[in-house]
Amino acid sequence: MRFLINSKRFNVFADIIFKPVLVLSIVLLIVGLIFAFFLSPDDYQQGSTVRIMYVHVPSAWLSLMTYLIMTVYSIIALAFRMPFGFIVNTAVAPIGAIFTLVCIISGSLWGKPMWGTWWVWDARLTSVAVLFIIYLIIIFINISFENVRVREKIAAIFILVGSINLPIIKFSVDWWNTLHQPATISKLSKPSIDPSMMTPLIIMTIAFIFIGITIAILRIKTEIITRENI
Amino acid sequence: MIFLHKLLNFYYREYKLNLSGFQDILTNITFFFISIFIFIFSIGPEKETYSFLGVGILWTLLLLSSTLSLRKFYQDDFENGNLTLLHLNGFSFELIAILKTFSHFIFVQIPFLLSIPLASILLNVGNEKLYRLTISFLLGALILSSLGSISSSMNLLNKRNYLLGSVIVMIFSIPIIIFSVGIININENFNSLVGILSGILLITFAVNPWASGACLKIAIQNN
Amino acid sequence: MIFLHKLLNFYYREYKLNLSGFQDILTNITFFFISIFIFIFSIGPEKETYSFLGVGILWTLLLLSSTLSLRKFYQDDFENGNLTLLHLNGFSFELIAILKTFSHFIFVQIPFLLSIPLASILLNVGNEKLYRLTISFLLGALILSSLGSISSSMNLLNKRNYLLGSVIVMIFSIPIIIFSVGIININENFNSLVGILSGILLITFAVNPWASGACLKIAIQNN
Amino acid sequence: MLLAQNLTLCRLERIIFENISISLSSGKIIILKGKNGSGKTTFLKTILNLLEPTSGTIYWKGKLLSRNLYDYYNNLTYIADKTSSIKQLSVYENIKIWKKIFSSHMNYEKIEEILSILNLKVFLGARVSTLSLGEIKKLELLRLMIENKKIWILDEPFTNLDMETINLIGQTFEDHCKNEGCVIFSSHQDPLIPVSDEVNL
Amino acid sequence: MLLAQNLTLCRLERIIFENISISLSSGKIIILKGKNGSGKTTFLKTILNLLEPTSGTIYWKGKLLSRNLYDYYNNLTYIADKTSSIKQLSVYENIKIWKKIFSSHMNYEKIEEILSILNLKVFLGARVSTLSLGEIKKLELLRLMIENKKIWILDEPFTNLDMETINLIGQTFEDHCKNEGCVIFSSHQDPLIPVSDEVNL
């Protein structure tokens, strides 16, 4: 598992797995889309808009997961002085931002038919919007500071402080009585969720994960190279 | 042709000074959205209020953002001698004032204007209002830029008290804001608002090169 | 004793830099009130709304106005070499950070705090709320000054994107604003608010000298 | 071409300089000498029409300067005592801005050549604020070449420069004079380069 | 007192200076010579502990500099290449601030005396930004007197000054050395004043 914390090992490992991962992500995405659009039923309540879920939920999960990864790497990098953590953070932030953006956009598209409005200021939506802005700030920090050594530390500390937002997002629906998703949540949490909806959701989630990994590998490798040249 | 060329070159310079790339525009826009967030967090999330408050919040932010950037208007170029340099290269003070005003509009106000559609979704400002809001903002932002030019060139004469300029801008913009917000919310008389705003705009446009130019000239003499 | 003397001298300098007279304090306060007026005008004259919205508006203005002054925090002293001068005269970077933070509090925030009673009359904030508002502002303003110190010392390392510092401060102040406004309006749990705010204050106080000091040091090295 | 007659300037009731006349024509290098505070910078600003003289007149090509300002400005380069390059941008970006603002036709090969003579080529991508003071001054003097005008008006061009660069610049002045140009500059030291005329303030 | 051994400093992989040693003891005037960009300013900042040398060590009174920093800073005055007076305040206000910050015991009569030697007394109430560059530099050098420390570290103290003032300052350096003080300064020209040691960068 050394490849997770060491850039040389990572490079070796990444070269091995890159092609399979790329292929897998394409295949899974196609399969998932086919399932989502053709092989899953309309919801009896929501009609065909329920299909937005197959984009919305995976991207939401991944936006959180990406941030979690960044938090872990920040701790590793700061506490154990492992610069690879900074590299991962720099590389992965835009990916997380894009997932968050996809989550917000798909959520809004879903919200218009469901709630009759694009946006409301309930706890979950607001905290996700804050997450998006935090991602943006991390990216700005990475772009606009000149001194690499300084900026990666600033970014890592910022990530750590910003991670307070994660539990807020995750549990906002439980803690506060919010508009977000009363219907589907109870539906999904039923032990007997309709497998015809569960399967595409899972496939899409795995596809999203693999897409994320593909981009991450590319970005981490370029980041390693640019740092070697400084 | 040569004149046009000169203008383009001026704006190339302004672009380099104001934005080191797309990320700066994004930071600007982010700043606006966070400000909106702050309002929402501090005022509370009741959505019905916003369809009414939204217009006011957006106006206040427009005002604050143009005040925020007033210091950069002429100050930097004045202090490092670039204003003199431009003048010696055939840009009269009046022309500099006009160009700088538009540059403020383009590089400070436009990013804000661009984010209005999205902001009005967030603030639940309805579609009909959005149209009127945009038009009046376009005019209002130009007015604010002209006022900003006048007051920040005045600030060059007055080395200590940099806030004075901002205060002048704000005092002058109070009537404009009252008019605009009122009429946009009331849903009537929109054409008369456009008329009034255009009138004010024309006046400030006429006064600006003359007033700012004079201030710039005196400032350079006394430096 | 010598140390105290040194502190007093530092603040003499800050005083000279920030306010060369009473007139500047006045300008500062005017600025604040004009913002409030603009708010009132832009939202409309419904009095009942304000007694509830007032707290939020005041908090937002406090935040925005302290963001407004962030650029002046270290920038000028850094650029003309006075930061180095102070350091070479026995002010460690950490000490400079602490002193500057308080100086921001004294010369930028205090004028606002002084004007709160009047502002709360304008905004129809009740008397009982006023007391709680003032206490929480005192703490909140100190927190904002510390955050401002951190982010504007960070901005010295970042030559281009000057808004980034403000954006960072604003993001961090969101939770503070939510807590404060919420609890002040709800009328309960005021002691717990004071507790939370004091906790945050202590944390930022502990982090500030360390973080700002490191940034100042690196900034001077790279200059 | 440029003729200043009996210029006097008072500031806050204080006479800064009195009855100074100069005549600048092509091929001439004039040095303006004087102690600190004797009014060199003020004088240069006066003949640039940035300040109004209390008395005296300035002519450009036989006409009153203020009547012929546009043509005059088209023909001169002014290098002030403070440098005007923008500190937060890179050397290259500054040069590009200058090229645009001054509508210069000089191509980049030529500029790079000059930069390498001035030992500045390695700094093309560096932010100006990381250069040494002398390097910033040299960059500023590059404007003489980029603008490529006839009259050079320089305020203390040699501060912060080492002897090698000063000689190089003296050389440049002479070349410029051979090409029908003319130079007026101020200095509080002995002229370190050959000049044709000396005005004492 | 101050001993720097084999200092080397690299910046962005570029060696700015290499293996420079100096030893500063009371009564010495050291000049640091070098062309533009040879690293004079950087060297001075290094011995001020503002920059960390890539290799080499600095001792102050026999101890490692970083161990004894407070005492060191208590004994030195640094005049940078850029002036540090606050432009929007008056000369008098600046002096007052300096007096306070440096806890100086020099009384105002003495200061006015020095100011009148420097021809600055009439400007006591003037805003610094209206002074000429040379006058601003002279004002800056006044700090040597106000701070009244043992070690003077000066970065290009003579730029913008006329010969008269330069000689005056040379005289001041010598007086200072007679009083057990010592001076190190940088310059890209020949030393215009007598020095006891020369370091070439």
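Going by the order they are written in, the chains are A, B, C, D and E; count residues from 1 in each one.
Here, a contact is a pair of C-beta atoms (placed from the backbone, for glycine too) under 8 Å apart; a residue touches a chain by one contact, two chains touch by 3 or more.
Everything quoted here is computed from the prediction, not taken from an experiment.
Trainee: Of the other chains, whose C-alpha centre is the longest way from the centre of chain E?
Mentor: Computed centres place A farthest from chain E.
Trainee: C-E versus A-C: which interface comes out with more C-beta contact pairs?
Mentor: If we tally the C-beta pairs in contact for C-E and A-C, the bigger total goes to C-E.
Trainee: Based on mean C-alpha positions, I'd like to know which chain lies farthest from chain D.
Mentor: Centre of mass proxy via C-alpha means gives A as farthest from chain D.
Trainee: Calculate how many whole Å lie between the centre of chain D and the centre of chain E, each centre taken as the average of the chain's C-alpha atoms.
Mentor: 29
Trainee: Provide the C-alpha centroid distance between chain A and chain D, rounded to the nearest whole angstrom.
Mentor: Going by mean C-alpha positions, chain A sits 58 Å from chain D.
Trainee: Let me have the rounded angstrom distance from the C-alpha centre of chain A over to the C-alpha centre of chain C, please.
Mentor: Taking the mean C-alpha position of each chain, the two centres sit 35 Å apart.
Trainee: In angstrom, rounded to a whole number, how far apart do the mean CA points of chain A and chain E lie?
Mentor: Roughly 56 Å, centre to centre.
Trainee: By the touch rule stated above, which residues of chain E touch at least two different other chains?
Mentor: Touching at least two other chains: 82, 87.
Trainee: Hey, what residues on chain A touch two or more of the other chains?
Mentor: Counting only residues that touch two or more other chains, chain A contributes 130, 133, 137, 140, 143-144, 146.
Trainee: Where in chain C do residues touch two or more other chains at once?
Mentor: Expected reply: 20, 159-161, 164, 167, 171, 174, 222.
Trainee: Hey, which residues of chain C end up touching chain E in the complex?
Mentor: 2, 5-6, 9-10, 12-13, 16-17, 20, 80-82, 84-90, 220-221
Trainee: Name, in rising order, each residue of chain D that touches chain B in their complex.
Mentor: Checking each residue of chain D against chain B gives 48, 50-52, 70, 73-74, 76, 78, 80, 82-84, 86-87, 89, 93, 96-97, 100-103.
Trainee: Give the list of chain B residues in touch with chain C in this complex.
Mentor: Residues 20, 23-24, 27-28, 30-31, 34-35, 37-39, 41-44, 49, 52-53, 55-57, 59-60, 63-64, 67-68, 71, 160-161, 163-164, 166-167, 170-171, 173-174, 177-178, 181-182, 185.
Trainee: Given the complex with chain D, which residues does chain C contribute to the contact?
Mentor: Where chain C meets chain D, its residues are 159-160, 222-223.
Trainee: Residues of chain D touching chain C in their complex?
Mentor: Residues 88, 127, 129-130.
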